[in-house]
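We just call them A, B and C in the order they show up, numbering each chain from 1.
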Amino acid sequence: MPGEKEKCMKVTAKTVADFTKGELIGNPDIEITDVSKIEEGKKGSLAFLANPKYEKYLYNTEASVVLINKDFQINGTVNATLIRVDNAYDAFTSLLELYTKMVPEKKGIEQPSYVDPSAKLGENVYIGAFSYIGPGVTIGNNAKIYPQVYIGDYTQVNDNTIVFPGVKIYHGCYIGHSCVIHSGVVIGGDGFGFVQQPDQQYRKIPQVGNVVIEDNVEIGANTTIDRATMGSTIIRKGAKFDNLIQIGHNVEVGENTVIVSQAGIAGSTKVGSNCQLGGQVGLAGHLKIGDNVKIGAQSGVSNNLKDGETVLGSPAFDVSRQVKAMITYKSLPEMSRRIAELEKELKKLTEKNKGE
Amino acid sequence: MPGEKEKCMKVTAKTVADFTKGELIGNPDIEITDVSKIEEGKKGSLAFLANPKYEKYLYNTEASVVLINKDFQINGTVNATLIRVDNAYDAFTSLLELYTKMVPEKKGIEQPSYVDPSAKLGENVYIGAFSYIGPGVTIGNNAKIYPQVYIGDYTQVNDNTIVFPGVKIYHGCYIGHSCVIHSGVVIGGDGFGFVQQPDQQYRKIPQVGNVVIEDNVEIGANTTIDRATMGSTIIRKGAKFDNLIQIGHNVEVGENTVIVSQAGIAGSTKVGSNCQLGGQVGLAGHLKIGDNVKIGAQSGVSNNLKDGETVLGSPAFDVSRQVKAMITYKSLPEMSRRIAELEKELKKLTEKNKGE
Amino acid sequence: MPGEKEKCMKVTAKTVADFTKGELIGNPDIEITDVSKIEEGKKGSLAFLANPKYEKYLYNTEASVVLINKDFQINGTVNATLIRVDNAYDAFTSLLELYTKMVPEKKGIEQPSYVDPSAKLGENVYIGAFSYIGPGVTIGNNAKIYPQVYIGDYTQVNDNTIVFPGVKIYHGCYIGHSCVIHSGVVIGGDGFGFVQQPDQQYRKIPQVGNVVIEDNVEIGANTTIDRATMGSTIIRKGAKFDNLIQIGHNVEVGENTVIVSQAGIAGSTKVGSNCQLGGQVGLAGHLKIGDNVKIGAQSGVSNNLKDGETVLGSPAFDVSRQVKAMITYKSLPEMSRRIAELEKELKKLTEKNKGE
């Protein structure tokens, strides 16, 4: 019943062996119509085995074809056709990349869409129906703007970037080359800046900066990245964001930093390169987080972190200390009883001593 | 001032009594123009009393008509017209269901909209303006696709399902019968899968699976459900999701499981049937959560849970133990002082003993 | 490279001095083309100095013009042109307000858009392309409805309110005057109300209430505010919400209350005026939170709070007590060892005493 997908793959084992420069053992003509994990293999599917932990599945998988490392020692009967390659995982990933490219490419300008006469569109772009390209916008070559996207005045989207349906990018922002922006992302909304007046009402601080997303950044669905009060909120090249993340105004996120879903970074905090932020992490504002920092899921960080630190907890501190505290925490009621017992015993002893 | 709503209700107490097969006590001709809680009753409103805890409101409510259980003992003066029924709560809910159906039904294909010639539309469908129905899409009978919705290539939406404005469903996904998908939901965005290369840059793992939503599932606003790397992310029938929830790739959520807003489930975790996940809960990846599991709000779960477990906290463990630990935690500073005091006293005593 | 923005500012120092009624010291003809923080000043930028902590930047900023308080004592050489005013911060904010107003105003009804014949549009409104204005909707004077917005049947949006691209407002809701609603916000989706039936399946409780947003409210990107089961979910005037916040059905938020991103409030909870909720805070349902309450980031609140309370933690309690508990928590493993040591010592002593 479920999961009837477009049928765009239909190749033989031989084609895959040729593409991967692998050695084929079995039926070269067997057809591949899908890909799967080895433990979920079905007739017609191509799987791979890289991690020896999964070896057992090799002998009972229903996958038609399995990619396997050249030097892998087989210790049982295999029904699937095998293709031996230098690195099964890499070869499989390359095939997946090829597979995704086999879907017919979206191209051209669908109607109705709104492209301001002053906008500049590169070569070979896709502009989906109901998308809005404002005045002064630049769209780079081969960029794909899916339907129902909004690109505000003077924003620049560079070559090969994919903007999925319904993304909203406010005016004056910059999106680099080869970025991927998923549905529902909002880039360039106003930073959260207000000043309370004597009458308790808040006066809005105009947010006149912008957002700069460098090259090769991927941003997950419904994530929000606020524009700077002045200057730019900056996401450096190669950063990867999951879904539903909040990035406050004037934040900077370093190169190749990875942020898992539902994490939030408050205004003006700078995060270094190659960091990993777990899911639902919260970072207070105006912090400086070094490079290669790891922050465990659900942590709350309210102080600066040095290069290479790994922290956990809310409030977060060094992970090994935190893990010990978490373990001890579980026996808190017992600890409390032991203290009460000690007090009782000590009192008895003290009184006994006095009495003597 | 506020809250001027469409006026689509105008019935008499008698009509309600007839519909609910109830016994009317009071004015059969009194007009009902709204519904309300009994404690917020106003002239013209219909309320109900099911929980005896609210009895006091029966004697001072301004509601014109109150539904009440047949066997309810009245101990005071009631101004409202009463309708006595077997089960006041059920009868009231049925009336609300009727009320929501009284709104004129959306039907037909509004223009401009984009329906690919290869898409198949069932009978009696609604396609709102600015919606995009891609190639190979199937929309079932009586389905309602509100304005500004995106349904990607080859996705299937089944009979009687309602897709509210602005929902984005990527290609190749499956949505069952009688589902309700609220505004801003993103289904089928890429799972968060990257492999770090030796040069620190991340290589994207293509996400070639899909999302399968079974029948009678409701999904709250701005929730995101990622497509599987391979295979399917699956939401089983009858599951109910609140707003702003994150579901990672290859996750499975069991039948009739309820998830409260802002919770997140990381990749490949399987959650059983009839579970309840509180608000802002986080589940790590690759876990197995049994059936009938309850997870308290803001909990962080990083290990498997058996059928019927109830856990709380971050990290989460058994709720009764957690509650005791939470209570003890509040007196931690005092515990610390007591330990210091014990050490002092013991030292004194020990020295005294030595001295003897 | 990045951040090429629309060029809409080009004024002289003299113009700024005239506007702010300030005293100009330096070159009146120097051109201002941007604004910046004083520590990030560049040729052509206007900055300000209000906080004496930043004084050192005054002597090395590259900003062309700096606004400074009349009574500020200068203790070094300043290259920038200075403008002395009564209150540099206020003057700068006023200039930013002016700056944002210098962007050409969006006006008129862009095509294609969908405006139901029964909708009433005020004077001087902007309706962006691909927006959907349903039957019976009222849009006030000077309101701006950006592209791809959905406004459901009979909803009312009042004068001077700005609704950014892609906002979805369900039927029958009320939005006050001078509100700002950012992209991706969903207002009026169904509250999360279901009753489990004996067969484990859930029956939906129809949500027939609405949402009322009073005047001067600002709502950040991708925030969701559910409609009431009956009656109204109410956001009082002057409240300010950040991004990705969840507001459950029948919640009320008081005047000038500020909520930071990713916080969530469960159904029927009432929050008072002038409160501050930190990021990722969670409030359970059916609570009463007083006025002037402060709740620290990531806190979880499951009980009522009185006027003026400040709480922190999950579960949350009085902040000063919490901070002490958090500090002690870090040394839990050490405390545990000290208890074990005490037990050992006491046992020795007790035995020695017995032996005597």
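To be clear about the criterion, contacts are C-beta pairs under 8 Å (C-beta built on N, C-alpha and C of every residue); 3 or more make two chains touch, one makes a residue touch a chain.
Quick caveat, the model's predicted, so the values are computed rather than measured.
Viewed as a network of touching protein chains, the structure reduces to a complete graph with every chain in contact with every other. Where the sister copies chain B and chain C meet, the same residue numbers recur on both sides for under half of the interface positions. The mean-CA centres of chain B and chain C are about 25 angstrom from one another, to the nearest whole unit.
Each of residues 112, 130, 148, 166, 184, 222, 244, 262, 280, 314, 329, 332, 335, 339, 342, 346, 349, 353 in chain B touches at least two other chains. Looking at the complex, you find that chain C touches chain B at residues 112, 114, 130, 132, 136, 148, 150, 152-154, 156, 166, 168, 170-172, 174, 176, 184, 186, 189-190, 192, 194-196, 200-206, 208, 210, 212, 214, 222, 224, 226, 230-232, 234, 244, 246, 248, 262, 264, 266, 280, 282, 284, 300, 302, 314-315, 317, 321, 324-325, 327-329, 331-332, 335, 338-339, 342, 345-346, 349, 352-353. Listing the residues of chain C that touch chain A in their complex gives 2-6, 35-37, 40, 93, 96-97, 99-100, 103, 110, 112, 128-130, 146-148, 164-166, 180, 182-184, 216, 218, 220-222, 238, 240, 242-244, 255-256, 258, 260-262, 273-274, 279-280, 297-298, 314, 326, 329-330, 332-333, 335-336, 339, 342-343, 346, 349-350, 353.
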